[in-house]
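The chains carry the letters A, B and C, assigned in the order they are written, with residues numbered from 1 in each.
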């Protein structure tokens, strides 16, 4: 049943460009899709491993900058008179490097931050993101600072025998983002249902118990952070090559909050939650724009987050799933009778 | 008659919390395949001793060895990898998962496949998953909780949660099992069933150390008993010896004597 | 050398207000175990109150300060009563996220009402600074330092010499025992949050006229407050005061001798460094508030 719903959803999403002609809405869908990928990666840490990583936008932004700089080339001076000159490489390489570098940052943050837990972990992750933003703002030679990196090339994919295709149109980018989103979903789904996913869940549910059956906290959490960061980096790269302008504001805390609201509202710890939450908070601003100023919208979004946490803390998708789940038959307490029966048989 | 090989040895262990001496000069050992119980009045240091022996607390002095490997300084998951698995008195389950899923987590040490294999769904990963699911089903039956297998562990009664906790520990394939007040909160018939379970586990070759308050249970299940008071061992021996030991009787001020 | 002295003077002024920020947060974080993401908003709120009271209501500058403190106290109490009290007992993640929601909503509210253009507050002090030998300091900044010092002393007295303060310290050590001893924990929590918020508002009210006032000014203030709390140890007022001065010193020296763009990064770097190397803070005496 679940697989059927998923296939239906994919087909539905794939068919959108066939009937949607409004370029403005298409654009909104594409950026929403990119943010959904980011939200899914955040969900891996927040919902499936129980780590409130509020610096997540750092991985997204690092991915964006790495990908952009790889495909634009750069020329920077380093201490001790060193100079690094990089010639532009194809954007697709930037995409791969974005994942790798973001994943590496995830590894570092994981190692450093998991020494500190709970509230302090949250604070460290926020600090990390802000430091990255300040670096992007101030290392003007590399990043152009507030003047932004512009004219970032679109992604070019090479099809064997058919030549290269540069993905410039909205239609092409839509399908690119959709493909990456679907792959991400499958990847996370497989991960969550694997042996590793159970380790993550064990740590989230009862860490002391999990540790006593041999689950390695640091290894599990760090691995989750690496994968999560890598996916966010991929999303950032897609963003850079679609919007084609990146400035340090990509690291703004409000963008992390956006992803957090998407995940919490949709349902953390569920696979479809970030998708549902993402669709809502990605598209709502588009529809509300004529009637509400962005600041007023954000007052509402803050309010929505609070209300959801009070009223529907599980989020939309898990709450719906609970509502429509098959009612359980009340189980009788079994142990004393059944066990002695078997016991009697064994010793007979 | 040869004595059993030593599984766990506790040597000169002392635990100081600042100025407070929780344990002083503790020495005892548990032989392979033995069932040993650690008892003592409240405040005697049983919990502290248990936490030292299970690696959740580093002793201020002394050493704990399991089959020759020193436990000092090892992280809890490394101790689990040695085959030393413990249960917990409170929060002994993963409350928001079903009993069945609880056991799947417990089977962590059994199911290791490469991450990439798992993600790609390669045959080795899939057959490993299948084996784990079979094993989980076996364990659920073994503790008699088949009918509750798909209920959330948090919804079970206290006694049932203990059984899940033990099944969890068994899932980790221990060579030595450390039970933390396993029958506290159980009624008489549940306790009786549990004693049978413990004997079955030992018959499968698992060494057992348990901490308990329930004297009749301890007397009926143990091969040997170690008695603590004020952070020191005051007596050690078979249940008959302990039952009649004046120091033990005095420590319990007649409670043990009446109930044992 | 005179440059160094100038930095020192600046550091004292800044450190005093940072100390207020830090004390407020360490009380809240320490006693209530709440990661208060609205602390920065209260800072912003205090600054805007100064603006409204002085410019739109025409009230005397010196009266405006106590008004800002009281306003911060009221807003803090309101937040605690509506958002935190109903969530008492929930996990820390939920509370954190609710605080973030409140932060976003309130900051966006400020943006909506007053717009993003920075505002400044005219002060009654003379333009020309006071010159003491090689260093000069504006009268406004002197006033800020004096006011901050006074508020720090008042807070000390409150925590250590009053019955309320005693109850707060008891609740910090062991909430359940305190309530068994007759302490009204609900009241303590509301008071703590209100007091902490009023200190943040005071810091904003003092620094707003020194710099400019804009809706996002609280974001950096919030991070600095966390840095100070982490430096000084949770619930440790003395630690927060010292931490405030240390942060101010780091910022002044960093801005003066490294690069002014990274000035604000100091707070973040301190956080990361301390949490990696000495997670309990430099002055951790985790058993005591005060």
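One rule holds for everything that comes next: a contact is a pair of C-beta atoms (placed from the backbone, for glycine too) under 8 Å apart; a residue touches a chain by one contact, two chains touch by 3 or more.
Every value quoted in this text rests on a predicted model; they were computed, and no experiment measured them.
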Indicate the lowest number of steps between chain B and chain C, counting one step per move to a touching chain. 2
Measuring centre to centre with C-alpha atoms, which chain is farthest from chain C? B
Need the CA-centroid distance for the pair chain B / chain C, whole Å please. 49
Averaging C-alpha coordinates per chain, one finds the centres of chain A and chain B separated by a number of Å equal to 40
CA centroids of chain A and chain C: separation to the nearest Å works out as 33
Residue ranges of chain C touching chain A (in the complex, touch as defined): 29, 33, 35, 83, 86-87, 92-94, 96-98, 100-109, 111-112, 219, 223, 226, 230, 259, 261-262, 264-265, 267-269, 271-272, 275-276, 279
Give the list of chain B residues in touch with chain A in this complex. 54, 75-77, 80-81, 85-86, 88, 91-97, 101, 104-106, 108-109, 111-113, 115, 118-121, 125, 128-129, 132, 143-148, 150-151, 157, 159-160, 163, 168-169, 171-172, 189-190, 193, 196-197
Under the definition above, what is the set of chain A residues touching chain C in their complex? 50, 52, 54, 112, 115-116, 118-120, 122-124, 126-128, 130-131, 134, 137-138, 253-254, 257, 260, 264, 293, 295-306, 309-310, 313
Given the complex with chain B, which residues does chain A contribute to the contact? 187, 190-191, 194-196, 198-199, 201-202, 205-206, 208-217, 223, 328, 331-336, 338-340, 342-343
